[in-house]
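Both of the next two complexes hold subunit A, though its partner changes from subunit B to subunit C.
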Partner chain A sequence: MKRVAAIARKELVHIVRDRRSLAVAILMPLAMVLIYGSVIDMELRDLQVGVLDLDRSDASRELVREMTASGFIVEAARLASRAEVEAGFRRGRFRAVLVVPAGYAAGDRTGIQILVDAADAATAATVDNYLQAVVLRAARERLPAAGAPPPPFTARTRIWFNPELASAHFVVPGLVALVMMMICALLTSIAITREKEVGTLEQILTTPVAPAQVILGKALPYVGLGALDAALILAVGRLAFKVPMNGSWLALAAYTLLFIVIALAVGLLISARSSSLRVAMMAAIIVTMLPTMVLSGFVFPIASMPRALQAVCQLMPATHFLVVVRGILLKGQNWYPLQTAILAAMAIVILTLAARSFRLRLE
Partner chain B sequence: MIRIDDLHKSYGATAAVRGLSLAVGPGRICGLIGPDGAGKTTTMRIVCGLLAPDRGTATVLGRDCTREARAIKSRLGYMPQRFSLYPDLTVAENLRFFADLFAVGRQERARREAELMEFSKLGPFRERRAGRLSGGMKQKLALSCTLIHTPEVLVLDEPTTGVDPVSRREFWRILRDLANRGLALLVSTPYLDEADLCDDIVLMHGGRAIARGTPAEVAAGFPRRLLEVRGPGLSAAIALLRETPVAGTDARRYGDRLHVVYTDQDQAAAVRARLAGLAVEVSPVGPGIEDAFVALLEGAS
Partner chain C sequence: MGPLASLMRKEFLQLRRDHAMLRLVLVLPIVQLLVLSYALDNDLRNVRVSVLDEDRTPLSRGIADALWESDVFVPGPPLASGDDLARSLKVGRCDLAVRIPAGLARDVAGNRSAAIGVHVDGTNSSTGGRAAGYAEAAIARAATGRDGRVGAVRFFYNPELESRLYMVPGIIVMIATIVSAMLTGMAIVREKELGTLEQVLVTPLGSLQYVAGKSAPYALIALVDLALATGFAAVWFHVPLAGSPLVLLAGVLAYLAVTLSLGLIASVVSDTQQQAMFTVWFFLVFAIMLSGFFFPIENMPPWARVLTWLDPMRFFLAIVRGVLLRGAGFGDLARDLLVLAGMGAASFTGAVLAFRRATS
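After this line comes the complex of A and B, so read on.
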């Protein structure tokens, strides 16, 4: 235990004295939360909408007022004719246009038109949904059926767990996984490979230290650093983006620790298999960052991927960890038997592989 | 204290060590001398338990280096060729780290550290980062780290490579001092002039010992005689002997002098006659370790 402590203490000195790496290890997660939290924002605020009111009645004005009252939509322009629609889209004055037909006050509800600039397909769909919902509701409520009976029932969607559909709530848990992978796997593999490359590992192995002690001692400071980063991300997520915490901190800590063990095992496996520092770094980036970002449901929903890719996603530890973290934070669900089993199995398999490839001698 | 018997080790198809045997007793410095690829490092790694031999045995203090590696580790100090320490740790921190790895107690560590600082003269640099030490000081710190647990056997792989001549001489003084205290030292070096500083030498080539004994014995094994040529006209002498060599002789340059190998007096006279007009001094000398080694290497390959 003393030897493990000696190695851990030495590793800590490396980390603390290497100011630039330390800055990266702490600032990178911060920057990532702030950037990802605000950039990958699928919410729409201040949506610029043009209005072409052909009815010019009290009812139509009421409809427009109702639309803007939601707070998300801003009336960007009042158009005189259809001819202005295309010009406005081209110049980007607005993202959508609401057309109120001439017979609106008289009861023409079917003539209401919503024109959307779909140059950006993703937002176009969202814009369309928003406007449909707002306008139709307003139209239905303010204009009780003149003639035709109201529909017998209407479907209303109620969104649970993340009622604001805030993407930060969705992204922050993913960032925890990403940063863990990067700090624990990347930095550990760099730390071990560097020592192998420089030759100090050879020296350490001639002392009465067991290889397991070397690995444990080297990994411990990075566990600490990873945990610190996780806490940092969650804190910023909570303060800056109001990410809720509905579950138990203990459960979150336990699952995070399990994930850190996996990340460390991946780092060990990489360092055991790579011949040089450069190889280790490239391998670590390819093995950890890309899959964690792309194939875990962090940014791109797994459900919309081709089936083969979905299967690959299931092999990524981050996929399962994300389910757990999102569940704990947003749903307050603290126990995941399936994900626990999968993550534990992954930890055991990767650790075994890593231990096997980590040669005790220098063949 | 170190014993190697008929040691063999191959990496795939390349044989690194082929049937090496040697022994080092207490208070002796044994030099492993040979060019790169002679098998020196492989031999040393086997002795330190870092590699397992294919065949043959290596023992330290009577224990097998492979099977009983753990028992040996606390009594052996090893300084690898590429020893680089931790440049971001201070001199004291490097020492402390290795003391902890060897589980040296607190009091023992303080006593030992003072002793090592004394003999290495690193005391004033205790708080300096190892990366900012000079080459010679780095080597002394590396040696100190391998001595922190008071080993009985020391294995040093090319400890003076890349160190300035003054520091090299000082380093060897320290090694001699350690031997006088009863340690057994196995030291490898590519510098032939360091061979004379060892008690015993083993000339290695292609994984085998091609000569062994005290430096004097190895030099005496050189079968031919030598003329040493030195002086301002050395370059001219070399050019002349290269253009029109004297049959049966062989000239080799060693820095500021030229050694001409000959077998009988007629050849010596011919060489003297040829160099007569040049500003050089020609005198007969006893063979050095270099001459013996070069001759042996040529015989081996």
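After this line comes the complex of A and C, so read on.
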């Protein structure tokens, strides 16, 4: 244990001396929480809309006023003809155009047109919904008697676990997984590969410290750093974005530990298989960062992917860890038999693979 | 031009010998494009909807069928009770649950207003809200037989609203950025680490020539990658090239001047490859987030919107999407092209100055 501590202390000195890397390791997760938490927001604000008013009546002006009164929509331009629509789209002056037909004041409601720049498909549908709602409301208010009879039944929606649909509540748990992979897998693999490249690993191995102790000692500081980052993310998420903690801290700590073991094993495997630092870094980014961001349900829903890619997602430890973290934090569900089994199996398999290839390389 | 040409030849020779690296930068972008284009898909599909039908009348069954008709929803496991509904949402057996209350058909026949419960798992803030919207729309359609829309809607440039058409140009931009900034980021620092930088410095090469010669091969790699990715996107994903390739090329050159210079600056100020990679990476994370790639700039809070003006990727993305999807020309993109060219000139000067300072 003393030997492990000695190696760990040596590694800690390395970490603390490289001020810039340390700053990045601590500041990047924080900055990511702040930016991701406030930037990922599907609520549209200040939607730029052009108006092509062919009616030029009090009624049509009233409609446009209603539209901008909602606060979400800004009248970006007043068009004189249809020819200006596409030019405005191409120049990015507005995202949609509301066309008020010439007979609007006389009661023409069906002639209203909404033209949407759908090059951005994701927002196009939302833009359409916003404008539909505004126009519908304005039209109904003006002609209450002409409105259709009330529908026989309506939907009453209840949103569970995240009633305000706050994106930070969704993203912060994902960031925990991302940063764990980044710190534990990436940094550990770099640390070990560098000693290999510089040739100091052999020197350490000639000391009475056993190889397993070396690895453990080298990994420990990064476990600490990863845990620190995770705590920081959760704290900022809680203070700045009111991300709730509905489950048990014990369960969260236990699953996080299991995930750290997997991340370390992945880092170990990469460093055992890599010949140079450059290869290790590239491999670490490709194997850990990208899949954790993209193939784990961090932002993009797995259910929308093609079947083959869904299967790949299931092979990513982060996929299962994310289900657990989100469940504990948001839903207060503390026990996941399926995910526990999968994560434990992954830990054992990757650790075995890493241990085996490490022994081979050192002989 | 003598020393510059020799430096470039040396760089190209070195690059050609590094087979592992070459394979990585030529094959990886295609793999990334393929995987990311399918993965970064924000369209809603396969949302599991469970129904708790407490009414059990033809009307209630009709409502359930109306939900499943939508290509967004797939049937989830059936629900037996309200407790079952809560538990299913909690353990994630379904994403959305619809509760049709007992007596619905009776209330409708008696002209009393009735409500159908839509319960959605809001854990995923983006898909949760949209799934609820789809369910509400399906129920409103079932109630009135109309879809409650006014007027006509026309979607320009992407009538099917495929998010892939929008994402693929973004992925191309991201790949070009990673390749150009990362590789140059490691370039000079590697020479520093290996100690060959001193040897280069005793030659008659000027700072400007050194910086230009060092970045030339990576510019070429990035150009090849961009061409490969754009061609692949057109053939595989049917992303149109609506505008002129010349406009695109102008944007690409201005943008590469920025990313290559930033990579070189990171390289100059770093002592190890790890530091250089971290520095570039730090830049990348913010550049991607603020570029409007995943998240529309209009949705950002005002302070973040101001920050996007510093992000070269924002302008390049606008150019790539504008040219590929909307067929925008020089006139339409004048602002973005000018800003990008200005950024390119500024960051190239910055790289030369940083190099001069670091070596003197």
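As a working rule, the second predicted complex is superposed on the first by the 255 of 363 C-alpha atoms of A that agree within 3 Å, B and C clash if a C-alpha of one lies under 4 Å from a C-alpha of the other, contacts with A are read in each partner's own complex, and residues count from 1 in each chain.
What we mean here is this: a residue touches a chain if its C-beta (ideal position, glycine included) is under 8 Å from a C-beta of that chain, and two chains touch if they have at least 3 such contacts.
Only a predicted model underlies this, so the values are computations on that prediction, with no experimental measurement involved.
Engineer: Can A:18 be said to touch subunit B (first), subunit C (second), both, or neither?
Structural biologist: After superposing on A, A:18 lies in contact with both subunit B and subunit C.
Engineer: Could you let me know whether more residues of subunit A are touched by subunit B or by subunit C?
Structural biologist: The partner that reaches more residues of subunit A in the superposed model: C.
Engineer: May I ask you to decide whether A:36 touches subunit B, subunit C, both, or neither, giving the answer as first, second, both or neither?
Structural biologist: second
Engineer: Does subunit B (first) or subunit C (second) touch A:92, or do both, or does neither?
Structural biologist: second
Engineer: May I ask you to decide whether A:301 touches subunit B, subunit C, both, or neither, giving the answer as first, second, both or neither?
Structural biologist: A:301: touches subunit C, not subunit B.
Engineer: By the touch definition at the top of the document, which applies to A:282: first (subunit B), second (subunit C), both, or neither?
Structural biologist: After superposing on A, A:282 lies in contact with subunit C but is clear of subunit B.
Engineer: Applying the document's definition of touch, where does A:61 land relative to subunit B and subunit C: first, second, both, or neither?
Structural biologist: neither
Engineer: Could you tell me which stretches of subunit A are touched by subunit B in one complex and by subunit C in the other?
Structural biologist: 18
Engineer: Which part of subunit B faces subunit A closely enough to touch in the complex?
Structural biologist: Subunit B residues touching subunit A: 45, 48-52, 70, 73-74, 76, 78-86, 88-89, 93, 97-98, 100-103, 145.
Engineer: In the complex formed with subunit C, which residues of subunit A make contact?
Structural biologist: 18, 20-21, 24, 28, 31-32, 35-36, 38-48, 85-87, 89-92, 95, 109-125, 128-129, 132, 135-136, 139, 148, 150-163, 165-167, 169-170, 190, 194, 277-279, 281-282, 286, 290, 294-295, 297, 299-301, 303-306, 309, 323, 326-327, 330-333
Engineer: In the complex of these two chains, what residues of subunit A are touching subunit B?
Structural biologist: 2-3, 5-7, 10, 13-14, 17-18, 198-200, 202-209, 361-363
Engineer: Residues of subunit C touching subunit A in their complex?
Structural biologist: Within the complex, subunit C touches subunit A at residues 20-21, 24, 28, 32, 35-36, 38-48, 89-92, 95, 104, 107-108, 111, 113-130, 132-133, 135-136, 139-140, 143-144, 146, 148-159, 161-163, 165-166, 186, 270, 272-275, 277-279, 281-282, 285-286, 289-290, 294-296, 298-301, 304, 318, 321-322, 325-329, 332-333.
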